[in-house]
Every structure is written in structure tokens, then in C-alpha cells.
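Multiple structures follow.
In the two assemblies presented below, subunit A is common to both, partnered first by subunit B and then by subunit C.
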Partner chain A sequence: MLDTALLIRRQDVPVWLSVATYAGGLIFGLCAAALCLVQLGVPANALWQEFVVQTFLTQQGLGQTLTAAIPLVLVSLGAALSMRVRFWNIGIEGQLWLGAMAATWISLHDFGPGPLRLWLMMAAALVAGALWMALPLALKLLWNVSEVISTLLMGSIAFLWVQHLLFGAWRDAATGFPTSTTLDPVERLPLLGWDQLHAGLWIALAAVVVCALLTGVTRLGFYARAVGANRRAALASGLPVLLTVCVFVLGSGALCGLAGAVIVSGTEFRLTQSIGAGYLFSGIVVAYLARSNPLGVLVVAFVLGGIYTAGNVLKVFYGVSEAVVLLAQGIVLMSVLCAQLFGDYRIVTRRRA
Partner chain B sequence: MTAGADAPTPVARPGPHEGTGRAPALLLRGIDKAFDGKPALTDAGFRLEWGEVHALVGENGAGKSTIMNIAAAVYAADAGEVVVDGRDVPLKNPADAIAAGIGMVHQHFRLVGRFSVAENVALSLGGAGRKCSVAEAARLVREKAAEIGFRLDPAARIETLSVAEQQRAEILKVLLLGAGILVLDEPTAVLTEDEAQALLSLVKGLAGQGHAVVLITHKLREVAGYCDRITVMRQGRTVLAEAPIASVTMEEVARHAVGETSPAPVRSAAESAGAEVLALKGLSIARAGGGLAVDGLSLSLRAGEILGIAGVGGNGQSELVACLNGLLSVAGGHLDINGVDMTRASIAARRAAGLRVIPADRFDSAMARGLTLAENLAMTEVPTGAYGGAFRLRRGAMRKAAEQAIADREIRGGGPATQAALLSGGNAQKLLLARELAGGARVIVAHSPSRGLDMRAARAVHVALVEAVAQGAACLLVSEELEEVIALSHRITVMNRGALSAPLNAAEATPARLGELMVGHA
Partner chain C sequence: MKAPNTILAATSLLALLLPLDAAAFELKSAPKVAFIYASTAQDGGWNEALDAGRAAVESELGLDVAVAENIPEEATRLRAAIDLYVKRGYNIIVGTTYGYSEAMSEAAAAYPDVAFFNASGVHNSENMESFYARTYEAWYLAGIVAADASESGKIGMLAGFPVGVVNWDINGFAQGAKSVTPDIETVAVYTNSWWDPVKEGQVSEAILDQGADVVATDLSAASALNAAEKRGAKSIGYQLDMSAAAPEGIVTSVVFHWDQYLVPRIKAVIDGSWEPEEWGYFEGLSAGVVGLAPYGPSVSDETKAKVETAKAAIIAGELAPFAGPLSSREGDEKVAAGEVLSDEALWGMDFFVTGITGTMPAAQE
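Moving on to the complex of A and B:
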């Protein structure tokens, strides 16, 4: 009979083991979530059909999955950049709202010539997101104000500002709904012909490449690694810590802002009160699961985009409630995180002599 | 007495060696222990009698702390037996060990900083199933302190106490828990000379009352006068068991501990009066809590010399080193490097001028545990472009440089891609030296560079510093270890309350003279 089971911390975790625990956690989580859904009356073969075939293997499904993944990739890259320098950006949605507002503002006033409009909207969103981040960053650097609190509150302020505009100056006079007027065709990201999929895909991929290069091959990326690992040692070694933190944190805000503009001009074609909801949670989760690696973000965001797509189908066609969809997503996430235990520790069982 | 019901009570001193018929206080036999497959102890043993002070000596990683942590049931042994006072009691967790009367005082005290002494004692007694009020605990503390002969205010908050006082609180706590067997892990490492003497007398007194005491240490010289017997460990094995202290010489012990003849002390090179490379003129540095940590300090350091700054820790040494590094700003005065005013210069500019700092805590302000050996080594040179341009970092070059440094400095325990956290203290220090003493080092500020290292690693550090100085660098050696300062320095000064004494030449700097200056009556 077993008497004791001990957890022994591994001195060194080999790469294959991290991959194996990650994959194991994912598979276990998906199975558990599937069991949960079957228990609630979703037929098992429909799960396969909806989760795999319809979300990843058909043109329409893949288009929807990719469309859902685009803003997710951008906010997750944003979350990953700030995590790299140990700055907790809990204001992802705030910067996203600012980006969405900046893009809408450009479109409402028809700034610039038509062919340049889209570029202007994207640039304005980048700047607005970065600026919204500048205040918490300055507070942190000058007076060590906790960024967890300041970015979170800035998010609430941004949302109130959006509501202020949508119920006031920017309300669509034609319908009376609290949304802005629809964008001109020239202000919309062009469709790529796969369902709703739009050119934001190229923006997201470009952002992944830029972030991967920034973190992987530039000096600044190395500095960020050092700052993340031990800020004081980086400082004492003469590294430009301030510059590094500013670039990564403002970059984080800019990417989240860009996500807002991409949602407005890629899928919604107007500013509404609901476009930013949920991206804070998802962005942090994706960045965490990807361990702040830009290429990892691409993969995880794609998978999560698939789960969202499938979740929507489940809601509409199988009468599964929103709560159950969230539950299923949570199960997958928890099992991936819990599986790390098996990577970090060795489990030894022994019999008493 | 407050001893637990099952705890063996110390008896009036029977004398450690003569057969009293009483079973040994603690007997460990055939102990094996491995961490994640790496053996830490192999067939190790230890025997402790009632009424003795027993020194347990060995290098870092020899297994001293590990075997005592097994006795205290912090770790579980893979094989072997633990017998306490003649009874084979299963010790499954630290609470069992406490109930069996084994009390361990760890290097990092198990005290709640925000609680008072009495509250900490009440907390521990409650945890051991003997609930008592804080007032009662305060009474126990007062009685016990009086009994063993020192003063400690039961109402004082732990975080307001000095390290020595915290240590007393910890010892009191362990005794009040009913410990007949007391294990002290490197108890003198954090103490000044005087405090260490006081502690050792206290320990001797406890043994006189019948307790059994183990002193884990690698400073045998310091404790020798207070010990009855000695056990030496090397690489997880007991190599010299229960030798009466009078029957062994320091050299024998060192040979057993290191496994070869004891290394000769480092001889510092002859003094050569080079150009002045570092000048501090009336330097003042603010203290975090207000006031000045360093007050109007002046010194001059020349190329080719080692200037030792001795002194008891906490007299402004850490602030001075951090300020020279550029981590703390100057409150007043000037700091020149190579004749150029660098009072407000950036850290990068100071490094470019040849300043190198080896801080007391290498993983606090020099290296990162989470980075690889190669990254830690390259960290300071990446901004200079030594490893590629701003947009093209050459990781291959980093790896090659790391392989070279690992071979040159004999860094063991990992390759370029290993995380620095996995290195032992000695090897981590070698890694830091490899980085800081490489090309361009002109002014080396070393703060307690051998702290926590075993004899061999400490010697490697000393040799590296002496070599760097022989090649024309200058070294400011800030250390609380008098022996180290005396062995290496050409001139020695003492830091006391943020100021320096007038430098003494190596010949005049006797331990006694320096000791006077440290106490501050000079």
C-alpha cells in the first residue's frame, strides 16, 4: 500500500517535458469540457463537428475563427509586451477603447484624403492607445503608483468616455441608437473573401512579426529579458532600463489601441458600446498561456478564436447558455495551468519498509 | 520547565565523553538523501551526546545543513535511521521533531517580523499544541531569558531588533518549545565579533545545563574554543566523526573538509604606487529612513593597490557600494574616476570608465537567476555593441564567449544555456568575476566577495582579485571579514558610522588595532 507521495521540485525542466505537460493539459481540458457539454445534452458527434470541422476545417468556419483571432492576437501581444518588463497592464480594454475612439474620430471628421484614411485611423489608434498608457506609466515611474490599479481605473474612465460620446455628440442621428454612424467603404478594412475575414489579418501577422523580432533579435528585447528577470541587476549593469520599460509598456498600449481600430473598421464598421468587452481577460490569458512569446500568442489566440466561434454556435444552435460556454473555456484554461505542476515537480511515491 | 510531554529533558551535566549509560541525544546512521536524483548525502552519519557542543564542519554543499534538516524533519531521508535519545521515533514533519525535543535555528529565522517576541513565542507554542496567552508567553520569555543570562524585551517587535537580538529570540523560542537538542545553522555568520562571542558563551552555558548543541559552521576557527567535539563532512559523507576538539589541528580539519592539503593564504603582490584612479571627496549619501548613511567620506585609491575597508556591517558599507555603482545618488561631495568628476555620471558612463562592482548580494544587484549563464555574462557588454548591433543580437557570439569563460574560470554546474539559479554560490560568484574582471576593469569595488563561500571558492575569488590588481587595476575591498581584509589589502581603513578611519599600512593593521577602530573608540 502506498504510504506517502512526495512532490520534489525539478532542478531543471527539459523542453520536451514542458511541451508534453502543456499538450497533456490541453487535451485533458478539452476532454473534460467535452464531457461537461455532453452531460448537458450536446450530442458527442456534434461536438466534433462543431469544435473541429466547423471551426477549423471549413472555409467559412476558418474565416470566422481567424476573424475572432485578429483582435485577440493584438491585445495579447500588448499584454505580452508589458508582462516582459513586469508591468501589469490591466487596462487593456481602456487602451482598446481609446484606439476605437481615435479611429472613429478620424472617420467622422473625414480627416485626410480617402486612400490614406485607413492608415490614418490605424496610426491614430496606435498613438491614442500609447497615450492612454503614458499616464499610468508616468505615475509608476515617478511615484511608484501601482499600475494594476491605475491602468484598471483608466479602463473605466475610457469606457465612460465612450458612453459619453455615444449618448451625446456621436450618436447616430438616423437610428437614435447609441452607436456612431457607419463607416464609409473607404474607411473599412478590405474583405479577403473568406466569410467576414478582413485585411486586419495582415495587420495582426505584421504585429506578431514585429514583436517577435523586437523580443528575439534586438538589443532592446535582450534588455527587456534582463529587466523582467531582475530589474535592479539590469540597472546596475548599465542597461537602459527606463528606455526599455517605456518602449515595451507604451508598445503594449499602442497594440491594444490598434485592436480597437481593427474591430471598428474590420468587423463592426461603427463604434458601439460592446466592442471592447472581454478582451482584458482574454488578452491576459492568451499572453500567459503563450508565456509572453509572440509566436506562442499567435497559436494560442488562434485556438481561443476557434473556441469562441464554436461557443457561439453552441449558444445559438444547441441552446447552451453563455455560462456553460465560459465554464468550458475555464476548464480548458485551468487544466493547462494545473498541468504545469507535473513539469515543475517530480512525483515520487514510496512504500514504507 | 516547559518541555513537551515526550521530549527528553536535559539532565544535569554528565560530561560529554564519559559513559553515563545514557543513550546519545541524537544518532543518525546510514543516511542517504538525493534532490531530484542528485545525491546530497551518501551513507552519512552523526552522533551527538548530551551536554556537549558539537561542531559540524564542511564546505558549501558538503551536506551539513541537509543532514541536520533531516534530523529536524524538514527533509525526509531516502534511507537510514534517526534515533533520538535512544528511541527510534518516526519524524514525519517538523512538528514531530519539535515534539521529540529537536530545535533548529535556521540561517533565516522563522519569526514573524511584525509580531513581538512574545507573540512569536505564543504563535509557536500554539502551533505545537500548547496554547498560551501573549502575556503568559511574555512571562515565559522573561523567565527563560533570565535563566540563561541575557536580556530581551518580550514586547519588542521583531523587525525593530538587531540580527543578534532576533537570533536570541529564535533561540528562546526553540528552547521554550522544549528543545533539549539545539541545532544552530551558521549562527555566527550574521554576527559581529563581540556578538558571536556572546552567543557562543551562551551556547556553552546551555550545554553545561545538559542540553546537546550542534553548531553548523565553516568558520571553525571562531567556534573551536567553545566546542567539545567535531564532525567533518565532505561531499555528502562523514569524513571525520566525533573527534575531540583538542585532538585535531586546524590543518587536519581543513584537509578533511577540502580533501587535499589546505591552500596557502593568498599573498598580495608588492605595492606599486600607480596613478590615482578613484577619489572620493567628502562624499555623503542619504539613508533610506532619513539622515546620512555615509557622512563626508574621503579616500584615494591608486592603480595596483587593494584598499581594504573593514568594519561591522550596517555602518554605511552597502550604501557606499550602491552609490559607487550608481544605484544611489550622492547627497554631497564628489566622486572622481580617473581624475574625471563622475558624481552624477550614469551607470553606463561609470562602467565605460572602467568601474566594476561586485556587490555583496550577487543576485540582487548584479545577476539574474532567471537568465542563462551566457546572458548573465553578456549582460553588461550588450549595450556596447560587443554582441551585435541594435537590431541584430548575436546569440552565437554570446554562447561562444560563455563557453570560453566557463572553461577559463572553471565554472562548474552548467553550460551557457543553463539558468544561473542552478549554480552553487561559489560558481555563481566565479561567473560574476568572469564578467566583471574581463577587459577594461580599472576600479574594482568588491563587497564581501567571499561571503557564504567555502574555503576553496573563497580562495579562487581572492586569487582572481589579486591577479586583476597585479595587472594594473585597483580594488576597493569592502568586507566584514577581518581575515580577508588583512590577507589581501595593502592599506586598511575601518568604516564606522558612515565615516572612515585614517588608512593603516598592512604592517600596522593588526586585528587588535582594527578591532579597536571598529568599536569606535579610536
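Moving on to the complex of A and C:
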């Protein structure tokens, strides 16, 4: 009489199926979020216009979406790299702060000739992000200290350090407010002539290509897959586990640092107290949804950027509160996550005899 | 006689040129006003005081004002909101935090036909004006009330971050208190946050534990007043009348009246007579943009009279809260005798006057 349902993990998920589960989850989530919004008084016919046309199909909306996606792509790639070797980077915001501080430091002291300044800022941010990651990595490798705790706490330290600088040595003396002085024009990423979209787009795309090659083509990428699947087995079969972990984890920190520099030189043009807020959660969500696949990160970050833009529209024109915007975004993300179940598992029902 | 003629000619030439150069800002289309807040508008403090100004703009000018809340202090997010408004015909945009300053000034340069206002901002241009109030004047009056209310000779104040606009509140408060009780001690504590009700309540108790019997808050939450009320201590609110949080113990609140600024300003934009102040709008008691809320039950008539006298003197320009000789508590002379602290020095104020105890974190090295 009783039906039983069994979940059987698929050995191999066909591409069409994972695309279908993503699309299905996204559409279901968007519909559920739309229902919520209509219930709260947003006119139904405006939703299509705002969510789809304004966000992805108009020049203004697309420009905003792409601009929002640039730092998201970088931090999510960072999260994805460390996830590949089973290292939980919860200090994304800390490395982002360090990168932002390093870039600001270069700009405040005018290091290097003008044309090279931006490159120096980016390089310094990469190094600073990687260094901030080096300590938790060393603790993990030497004494097996949980990286969840150490990276998280390093994030708090980074934030306090930024506060210390902004209220002290780096404070803009002209205003007395806790921001650094404005960047010179040569220290800003050039605009691409499309609203606020800036050359950070090319940096983000380059990072995607590099990460895709690293994980998909190189030998290290293959090792990382082995380390991620079973570290001890990888060690036993003589793979260079230490090297692989170091490259991926430090690379993760470096990319998050780069995101900080891109925010400072691309959109804020100064170090402020609020540039890193929220990137930890979005970075991890994007990396998870993309299953640590760099190309997937690009797609998911773009969609999340769109959800942010649409959220902005809702707040601006329909007086929808922040809580509802977060709820709608949460519904969409949850449903995409839940839909993965149907891709990963086969559901077999058996009628009991 | 030659020289004066040349000067006269030059001035008349200037007079001819000036109207063109400093022409009043003119709207190119029907007025559409939008307010942008960094948190919720009904926050019980800073934003709510501004939102009361917005409501006055709506009712007195008969405009329908759009509101966007929780737009973070990040250039991309703010610019996206401004772009959306401008593309849909909004041409008067009011921001509400210094964190919007830079992105808004860049938007103002990109949209010369849109009028921008920013509360506690730092930039001004042909189509942008920042505005703030001389809050230290009202805090001076609050200091008088606090000193009269104190029996222990020790009062306290909690504040957000050590920036100029906050430090002048603390110093103004202490100066006012000292004008009544010269040896009074003011305990100042920073919470390092603009909004943390739990911490503000704890800090309020910590100030009381140090022997103070009047607590003033320079923040937006009423929790510091709640804590004082429970301990039977006196309290002073900020931003708007906070008497609901401490009906017994409150003596007064330092409040903003932004309608006094926003209504005439936005009316001027619509009339075509608005000319942004070169250094931003920065007025105090005399313009009525800041003042004291109705007194609490325990305030005596004698105290009220002292406050009225001081208020009249400040408005008449006879009394300045930061008049020389004024030294920092470390003994450095900040204002020479016979002079008054300049506006520039006010914005960069990074010292405490004598009589204040407590540390200023990460002070300039």
C-alpha cells in the first residue's frame, strides 16, 4: 500500500539536466517571489517590465547589472577556488578590505609613475589579499586550526584596521569624515562609456578565464579535484597536495583582495567604511550555486547582479522595504538551491507489494 | 578720480557678468522630488527627523514625494538609485547622509538639470547643496539644562564616531554645562556605530555607573534614555523629541526642524530662485533648523529662563559656544581671546575641551 520514494545519487549529471534544474529553479523562484510582491501591492503588470525588461534588456539596467556583477564575480571566484580544495574561506570581506587598503596605500603615496599606478594598485591588492589568507592557511597546515574560525576572525581584524586608518592617518582632513581622500584620475579604472560600467569588467572576465584554465585545463586543476574529493587518498597516491592547496587558497585570498581594489578604483574612488559589506554571503552563495565552476560563477553573478538591480528598482519606485527585497531574493536563491536535488538525485518510487 | 572710475567700470562689468555666471538654477520640467535614505526612514532618529521635513514638503508644497529607503552608502548602489529617478523625470533629489557625498556630487555633475541636496554632506556646486545645522548651539543649551539637573556634578554623553559633527556636539554640551557649573565633569563615550540600540543602552548604564546622573545621547536610538529611566536618572534625547522613551527622567531633546530648511529651499528651486550656497547651508538656532524639544517635568522655571537668555544671546550673536580663549583639554590653544572658532576648524574638530573625560579613539597622530 505505502509508496516509498528513494533518492538515488546520479553518478553523472547530464548537462541538459543541470541546465534544466537551474532554469526550473530560477523560474519557480521568480514566480514565487513575484506572487509575494503582488500580494504586497506591486502591480503585476509592472513586474515583467521591472524585473526583466529594466534589469536585463535596457541599456541602463544592463549597465547597472554588469557594474554590480564585477566585484561579485571576483569574490565568488575567490570563494570557488578555496571550495575546490575543501577550504572554507569565511574571511572574504577581510581579504577584500586588505586589497582595498593596499590599493589605497599605493594611491595615497603615489608610488610608481602615473601610467603604471593602476597596475601597481591591482598587484598590491592581489598580494595583500593572499597574505591575509596566508596566516589562516599556515595555522591550518601546521596545527589544523579550523579555517572557518580563523578566516572569520581575520575578517574582523581587517575591518578594525580599516576603521583605525579611516579615523586616524588616512582620514580626509578637509571634511573630517572617515573616508580617504579622492583618487587621482589616473588611479581610476576607465569608464567604458556605458553608465558607470568600468574597465573592471575586463579584469573580472580575465579572472574568469584564468580560473577556468586553472581548474579545467592545468594539471593543478586536476590535482585540486582529487584533493577536494578525498584529501587523504590524494596524499596517498603521491599528488602534490600541499602545493595544490596553497595555490588555490592563496589564489582565493588574492582574488578577494583584487575585488577590493576594483571597488575602490572603479566605483568608490576612495576607501570608505562601507565598501565590503555583504560580499561574504553573496560570494559564498554564488560559488555554491555555480558549483565552484568559474564559468558558472560568471553566469550566476550576472543573475545575482540583476536581482540586486531589480531590488533597487523595487525600493526606488514601489517603496518596497528592504526586508521584502531580501525575502524575494532569498526565495529565488532557495528555490534554485532546492532544485539541485532533482539534478543530483534520481527519484525512484516503488509500490510496496 | 581715474582709479575709482576703473573700479566702478570693473564692478559694473562684473555686475553684468555675475547674473549670467551665478544664474539661479532652473528646472527644465515639472518638479518631481525624491528622498533617498540609507536606512529605514522611520528609524526614530536622524532619518525620521528628515522624513518629517519631507512630510512638510509634501503637505505645504502640495507635492508627491518619492522615497527610497535602505540605499547603502556605496557609490554603485546610490548612483543606480539616482539614475533610475532621473531617467523617470525626477529633478529634485535629496540625500540624507555624508556617505552619499561623493557619489552624489558626481551625479550632480552628470545631471546639471537636476537639483541635489544632501544632509550632512560635504560637496556643493551649481546644482548641489549640502546642508547641516549648527547643532552645537542647541547642545550648548542642553548643557545648561543638564548642569542644572545634575546633583552629582557629573554628566555623560554617548556619541557615534569621533568626527567633527559629533565632537562639536560633545564640546558644545560641555561648554553649556560649564557656563552654569564651571567645575562640572562631562563623561564622553563613543559607541563606534551610528545605530546599535543594545550597546547604546549598555553604554548609558556604564556612564551612570561612573557616577553621572544625566545622560545625553548623540545617536538615533532611544535605548540610552530607557536605561537611564530605569535607573531613575535624567536624560537628554537627540534628533527628535524622545520624551516617550523616558517620560519621567527626560529633561529635553536636541531636535532638528528640517522643514524650516527643506520647504523654503525646494520652493525656491521650483520658483527658479535657488542659488546653492557656495559652502553649503549651515545655520543654527537663529534659522530655527535646530532647537530644544519641550522640557521634561523636572525642569525648573529658573533653568528655562537661563536657557532663554543664552538662546537669545546666541541668536543675537553675542554668545558663541566656542569663543576664545578656548583650549583643548591637553592645554593647546585652539581659539585666541576675542576670536571665535572658524567653520573650517569646526568641521575638522578633533579635540575635547576641558572638563570632558573619556578617550577619543584613533585621534589624529
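Convention: the second predicted complex is superposed on the first by the 328 of 353 C-alpha atoms of A that agree within 3 Å, B and C clash if a C-alpha of one lies under 4 Å from a C-alpha of the other, contacts with A are read in each partner's own complex, and residues count from 1 in each chain.
FYI, a contact is a pair of C-beta atoms (placed from the backbone, for glycine too) under 8 Å apart; a residue touches a chain by one contact, two chains touch by 3 or more.
Everything numeric in this text was worked out from a predicted model, so none of it was measured.
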item: Subunit B versus subunit C as contact partner of A:Ala277, first or second or both or neither; value: second
item: Subunit B versus subunit C as contact partner of A:His164, first or second or both or neither; value: second
item: Subunit A residues touched by each partner, larger count belonging to subunit B or subunit C; value: C
item: First, second, both or neither for A:Thr182, with subunit B first and subunit C second; value: second
item: First, second, both or neither for A:Trp202, with subunit B first and subunit C second; value: neither
item: Partner chain in contact with A:Trp119 - subunit B first, subunit C second, else both or neither; value: neither
item: Partner chain in contact with A:Phe111 - subunit B first, subunit C second, else both or neither; value: neither
item: Set of subunit A residues, in rising order, touched by both subunit B and subunit C; value: none
item: List of subunit A residues in touch with subunit C within their complex; value: 60, 64, 67-68, 163-164, 167-169, 171, 173-179, 182, 195-196, 267-270, 272-275, 277, 309, 312-313, 315-317, 319, 321-322, 325
item: Residue numbers on subunit A that touch subunit B, as the complex places them; value: 4, 6, 8-12, 213, 217-223, 225-226, 228-230, 232-240, 346
item: Residue ranges of subunit B in contact with subunit A within the complex; value: 35-36, 38, 76, 325-327, 346-348, 350-351, 357, 359, 363-371, 375, 379-380, 382-383, 388-393, 418-419, 422
item: Touch list for subunit C against partner subunit A, complex; value: 34, 40, 66-77, 79-81, 83-85, 87-88, 98-99, 101-103, 122, 161-165, 192, 347-350, 361-365
